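I'd like to ask some things about the structure below.
Note that the chains take the letters A, B, C and D in the order they are written out, and that residue 1 is the start of every chain.
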């Protein structure tokens, strides 16, 4: 799944490039699209994040349009991994890449739960 | 000029609605569109902000698509006012409105400057 | 009440100064201190924001320590106004000033409510 | 080096806990302290970030004071690793941990450079 990223002026730091922490927000935007559109989930996520990794590959300067690709790269009993590539939309240069581990979570019972089968199928298709 | 707002999960606070400070960021997103697309300006703004006002009219809850309208409502020698209305995209309910005062600025000379005529015409058309 | 502001690198924009929207976050930090320490309230606020205004007076460049002063400037039946001055901590130069209107709110009943007397006294003392 | 973290209301998300991307900002606050106070560097960093990893260990709920510990865990020719532990200040429960890889960078020449000896000694002492 590929999504254009609507960058904001406030995303850029004193060097004129995207602040490092914002990349986790970009990953979150990709997750929101994958979760709501790809998996039919709610905008208020039903999972928790266990881990996140970002590699900063090249600079994303202000005025350069970005896009993010998200793919499911592993599915376990209760958890799955999403991998991300952020590219410059004009020339497909890789700006950053990374991954996050999600764990299915029941916010009412405050407990991790297995991934439902229907969701598993949709995750696998991403 | 009307622009759909790409909200982010991190925009929402513990009450499930858009954090108050984020509305100034939404105004900034509208300004970026007005400046770059409407006025032919650079993504790295050539003006400074002198004042900003926001009225919080109704709640913007997570999952509700928003849009922002920006209009030029006053043009002076060196400054102009942009006014904003943020609406729920589904029913046009007003979520917030406000305005900002911009002053034309030469970042190399560190001085305010008059609005060039060509820009004045484009601002008036917004 | 005066509070030192812990600025963050991400608060600064491509011009090297504090992004405009961040000032509303600085006001919010002052409100949190005024509410929790000054009024004995919960970190999860019991009021809503009706309006916010900021005047950007001078630049806050990276590396300059800031502080914020918050005072109650008006108390009505259900609402009150807090006014803010943000200063450079080294020379007391004013960086920004503004105000916000708060309305007492019952988040369970989803309704505005009168300011309790005990709170009114504490607000008046701020 | 241990630093108390000044959390902001806007750091918390709809679940009432610190948004995942904010932890990279908390790491950045620790880096700023380590760089400016620990290494005598400028508030406008002289390095780039190559990689960042966060493990989300337990929830940081609103109202809970946090602190961050930063230590140098590896020093190479041009790069070094800082490791972070974020704890609940009241009971020392670990909330998150992670690391970042920094590369010494000359922003004028747009090139990576070796770590100067004086800096190397200060990094080693952190």
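By our rule, a residue touches a chain if its C-beta (ideal position, glycine included) is under 8 Å from a C-beta of that chain, and two chains touch if they have at least 3 such contacts.
Values in this document were obtained by computation on a predicted structure and should not be read as measured data.
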Checklist line | B-C compared against A-B, more contacting pairs | finding: B-C
Check: Can you give the whole-Å distance between the Cα centres of chain A and chain B?
Finding: 27
Next item on the list: Could you grab the centroid distance between chain B and chain D? Build each centroid from C-alpha atoms only and quote it in angstrom.
Entry: 33
Notebook entry, point to check: Which integer distance in Å separates the CA centroid of chain B from that of chain C?
Noted result: 22
Item checked: Where chain D touches two or more other chains at once, by residue number -> 9-10, 14, 16, 21-22, 25, 28, 44, 62
Notebook entry, point to check: What is the shape of the graph in which nodes denote protein chains and edges denote touching chain pairs (line, ring, star, complete, other)?
Noted result: complete
Checklist line | Contact footprint of chain D on chain C as seen in their complex | finding: 6, 8-10, 16, 25, 28-29, 32, 42-45, 62-63
Check: In their complex, what parts of chain A are in touch with chain D?
Finding: 14-15, 20-25, 28, 44, 48-56, 107
Margin query: Taking the touch rule as given, give the residues of chain D at its contact with chain B in the complex, in rising order.
Written below: 9-10, 12-14, 16, 19, 21-22, 62
